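Structures incoming, each one as structure tokens.
Next, two complexes with chain A in common: one pairs it with chain B, the other with chain C.
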Partner chain A sequence: MKVTFPHMGHLWLVLKAALTGIGLEVVVPPPCTRRTLELGVRHAPESACLPLKVNLGNYLEAKELGADTIVMAGGVGPCRIGYYSQVQREILRDLGCAYEMVVFEPPDVHFNEVWDKIKYLNRRPWQDGVHGVVMAWLKACAVDALEQEVQRLRPREAQTGLADAVFRRALQELDAAGSRKEVNRVVKEIKGELAALPLKPDVRVIRVGIVGEIYTVLEPLVNLDIEKRLGALGVEVVRGLFLSRWINDNLFKGLLPLPGHHPEKTAPPFLNHFVGGHGWESVGDTVTFARRGCDGVIQLAPLTCMPEIVAHSVMPAVQQATGIPVMTIYLDEQTGEAGLQTRLEAFVDMLRRQKGVRAG
Partner chain B sequence: MTSIYLGIDVGSVSTNVIALDIDGNLLASVYLRTRGQPIPAIQEGLREIRATLGREVTVAGVGTTGSGRGLAAVMTGADVVKNEITAHAVAASQVVPGVQTVLEIGGQDSKIIILRQGVVTDFAMNTVCAAGTGSFLDQQAARLGIPIENFGRLALGAKNPVRIAGRCAVFAESDMIHKQQQGHPLDDIVAGLCEALVRNYLNNVGKGKEILPPVVFQGGVAANAGMRQAFSRALGTEVIVPEHYGVMGAYGAALLAREARPKTSAFRGFELTERDFRTGGFECRGCANHCEVVELREGKEVLARWGDRCGKWSNAVAV
Partner chain C sequence: MKVKQWRLGVPRALFYYYYAPWWEAFLQALGAQVVVSPPTTREIMDLGISLAVAEACLPVKVYYGHAAWLAPRVEALFVPRLVSVEQKSFICPKLMGLPDMLRAAIKDCPPVIDVTVDMSRRPEEGLKAAIRDTARAIGSRGREVYRAGEIARARYRDWLAGQQEQGREFSPGKKEGITPGGQPPLAVGLVGHNYLLHDRYLGMDIAGKVTRLGGRVILPENFAPELGEAACRRLPKRLYWTLGRKIMGAALHLMEQEEVAGLIHLTAFGCGPDSLVGDLAERYAHRHGKPFLLLTLDEHTGEAGVETRLEAFMDMLARRRPA
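Now for the complex of A and B:
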């Protein structure tokens, strides 16, 4: 059995550690590129949202490397993600692309099923499997810690791109790390390297929070590298969505002492209810970012994403109540780079001028 | 010897170049079609500016804007590179101090800018429908055999504007043909078309924004009297069209260059109109992205590169 899974930002690193930990041979799909997107777009229904298309591209590219089993998440509730696995299964079958699919439904609803599936996949004594899960978790935390450091450095580094180059190497080293000790060593070394990067003498950095649907927030291919673009414009990006936090909130049910999302506390009175996907969190995080003194918020969503449309529709009220400017960007395969760049520049310009006025 | 500030706005449809004196007064302005060839358009624009002003000018600063702002900046040696939103907002506030809403409709795209206390607080650009309002009006005028200059004025005489489906240009066109076949008078149809386009703009671009006066209407489409009337009816307020409504982007860019007051401008000299610039491109095969990399060359030297997702090429030339 050669398992693969869809890409979502740096998720591959974490999943690879977990799956190899239970003794499976893993085929990481080639990094998301234009080709991935084109393959997906060609075979998916046009009106499907972007994640479905890119995932499909991942599966087709992984097939070329010999993968035969897909592990992916399902879902319940008012968002189409729950339906993806079924649609993708049918499309792959129509294409004559033979794959077995193991779909994990949310554990709080289908706990026994999850258990059965893990038993089915597991190839090793349980202690090894536990070790794999622990490694995956440590790597997720390491990636997130380093990435936050990079987000802080991007607007401040003297030469654009250096922090990212170090981070790219960090990902490879973390991938290769086989023990807690090695993970810690990598984190320490990379942090040291990042701290030694030359900085611009006097930067006036502004802070922008990113909220939105998890896939568009975490996958640089579909958001056209928005965080790097913003960094180059002198913006420190903060976001609420990180893999480690997501795993903690959704899989460990918030057992670990990490800051979690608490939309039930932050989103009302603007939005009082779960609306699927990350719509509730988008509103809640916007409120949080406003309280923490961010200068603006950018909401990202795939075109036609229902939960984010609901969130979008209450953003004017959030903006009015908290005073934080919010810009919503819908992404699909036709999003042009020039248009996105103009919007980002204009938004950043606007925030800078406002800040100048407030300060002056 | 006069000192001037240059503003260059390179869009996909038009390229505008203007010159301001040091007090910010407009000395000369040129409007050209880009025709997919921004380089000769920029060169021609500068040539005409110099021809108008005579040889005795020194350039104190250059600002560029528009989708071709990067290219224009590298070519001319700009001191300020700003996006269209900021440039248009700055220009409108210069002409109408205290402006709170800017409606901007050009050939290919349209935007709305909301200002409060002189600061841009919100903006939106058209996203979904690719058919530009300006181009669409041009087409319809041509189809009806009316010179575009008279097209808008025709709407002013309308008694009963026809209701035309304005959801998108394709619907609007077929609905218009249908109304024509039903025998509605031409002026009613043209007026109806303007109203439909305004409705469309307000619903798609201006959606959810608080439109407060003073309202400034600029961009090529502001020339159209029918559109002006339809806007002021729909908004229930006067819409102000500035004198240089068609070159406000370039005007804003020049004002921003003036605001920046560079000690010495990076301008590369009017001789650049005679230099041999060329853009070329190639497809990078470094990874499956297969980026279309565009290069700007002067003679043999590569001045700048764009279009790579990973920075492999653009970072290789120090700009």
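Now for the complex of A and C:
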């Protein structure tokens, strides 16, 4: 059995650690590229949302590398993600692309099923499996910690791109790390390297919060590297969504003492009910960012994403009440770099003017 | 005692087409004056389009239009927050946020009665809470509410039965009515959300058009809902959208009937659940060898374009018909 999974930002690194940990042969799909997107778009329903299409592209590309089993997450609504696997299975079948699919649904619905699936996948003694999961978790936390450093440095570094180069290397080293000690060493070394990067003399950055649907927030292919673009424009990006936090909130049900999302406290009175996906969080985080003194918020979503359309619809009220400017960007296969860049520049200019800070 | 005789606005859109008899009977029984917006017109639709975010689906935009039409004419809007109307199922996320969305969009929005209807976990309790909260919002409680609930339930039951009655004519194998060519009309299954199928302006009266082209339309309410549910149970995974399941069930059931010549799926631009449900239905139809026409409505859809596509589809069905 050769398992693969969909890409979402740096998730591959975490999943690879977990799955190899339980003794599986893992085929990491090639990094998302235009080709991935094109493959997915060609075969997926036209009006499906972007993650479904890109994931499908991942599966088709992983097939070329010999993968035969897909491990993915499911769901029981109301967002579409819970039905992705079903549609993807039928598409792959119609394409004559043989795959076995192991779909993990929320445990409160089918706990035994989850157990059975893990047992089915597991190839090693349990202690090893646990070790794999622990490694995966440590790596997730390490990636997130380093990425936050990089977000802070991007607008401040003297030479654009250096922090990202270090971060790319960090990902490779973390991927190779086999023990807690090694992970810690990588984090420490990389942090040291990042801290040593030369900075611009007196920069005045503005801070922009990123909210939105998790896939578009975390996957640089579909958001066209928005965080790097913003960094180059002198923007420090902050976001509420990180892999480790998401894993904690969703898989460990918030057991670990990490800052979580509490949309039930922050989103009302603008949005008074959960709406699936990350819609509630998008509104709640926008309020949080406004309170914490961010200069603006960018909401990212796949075109036609239902929960984010709800969030988008109430943003005028949030903006009016808190004063924070919000720009919503929908992403799909047609989103062009030039158009996105123009919109970002205009937004950042506006924020700077508002803040009374001179550009540069 | 009535504190006040409310003038309540009920938009004629979205779930109006599923629950109107219930709502109207209930609110009236509690002494409210119910104002329903008129059937969709170009003006109402345009009003909605101007207020909603561009990415919203067409039916939601039309709902905005109805609500905005009502806003200056009533004391409160009745916009229940429909989360779930049955166990382990959901309504589309947009309906969960609808009251908040309207408040953010409509200037001088009157108070919104946004009781939450969530029957996903404990249906009985969810319904009871919704009824109680609605009554409370207009200042009623106690026995009166119970009585109004009974009246509403009875009216709703009759209405459902009436719909089935109308549909009785579709029994497999029955082929009445002979077309000029000497052959019985082609049976065409038409599936989609009721707020498209039964909103004549928005839905462009597809059923009427098909009939005029010599077809015989079979709608989801024309056969027992259990048949659709049963067909849906054959899916490897339960469909968790109530409406998606109705559409998929109807499509699966119809494509298995030999006398059904083809299927039309009417959907609206921007409908999230339909983008997956419709795609699956189409794949299954192909495997069954049943022609499948996807009609997507958006604000620019022209009458003429739809008619051409329907004609071409009906012609194709006629050509396929065994002589």
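FYI, the second predicted complex is superposed on the first by the 356 of 360 C-alpha atoms of A that agree within 3 Å, B and C clash if a C-alpha of one lies under 4 Å from a C-alpha of the other, contacts with A are read in each partner's own complex, and residues count from 1 in each chain.
Please note the rule applied: contacts are C-beta pairs under 8 Å (C-beta built on N, C-alpha and C of every residue); 3 or more make two chains touch, one makes a residue touch a chain.
Keep in mind that what you see is a predicted model, and the values were worked out from it rather than measured.
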### Task
Considering only the touch criterion stated at the top, classify A:L60 as touching first (chain B), second (chain C), both, or neither.
neither
### Query
Which partner, chain B or chain C, touches the larger number of chain A residues?
C
### Touching partner for A:T304 - first (chain B), second (chain C), both, neither
second
### Task
Applying the touch criterion given at the start, work out whether A:I206 contacts chain B, chain C, both or neither, answering first, second, both or neither.
neither
### Message
Which partner chains sit in contact with A:G277 here, chain B, chain C, both or neither? Use first/second/both/neither.
### Response
second
### Query
Touching A:L92 in the superposition: chain B (first), chain C (second), both, neither?
neither
### Message
Contact-wise, after the overlay, does A:Y330 reach chain B, chain C, both or neither (first, second, both, neither)?
### Response
both
### Query
For A:A338, is the partner it touches chain B (first), chain C (second), both, or none of the two (neither)?
first
### Query
Now for A:A317: first (chain B), second (chain C), both, or neither, which partner does it touch?
second
#### Entry: Overlap of the chain B and chain C footprints on chain A, listed as residue numbers
316, 330
## Note on the structure
As the complex stands, chain A meets chain C at residues 45-49, 52, 74, 76-80, 82-87, 89-91, 94, 270-277, 279, 303-307, 309-317, 328, 330
### Query
For the complex, which residues does chain B have touching chain A?
67, 82-86, 117-123, 125, 127, 208, 287-291, 309, 311, 315
## Note on the structure
In the complex, chain C touches chain A at residues 52-53, 55-56, 81, 83, 88-94, 96-97, 99-101, 103-105, 114, 116, 235-237, 239-241, 269-276, 278-280, 283, 296
### Task
Enumerate the contact residues on chain A facing chain B in the complex.
30-31, 33-36, 160-161, 225, 316, 325, 330, 338-339, 341-343, 345-346, 349-350, 353-354, 357
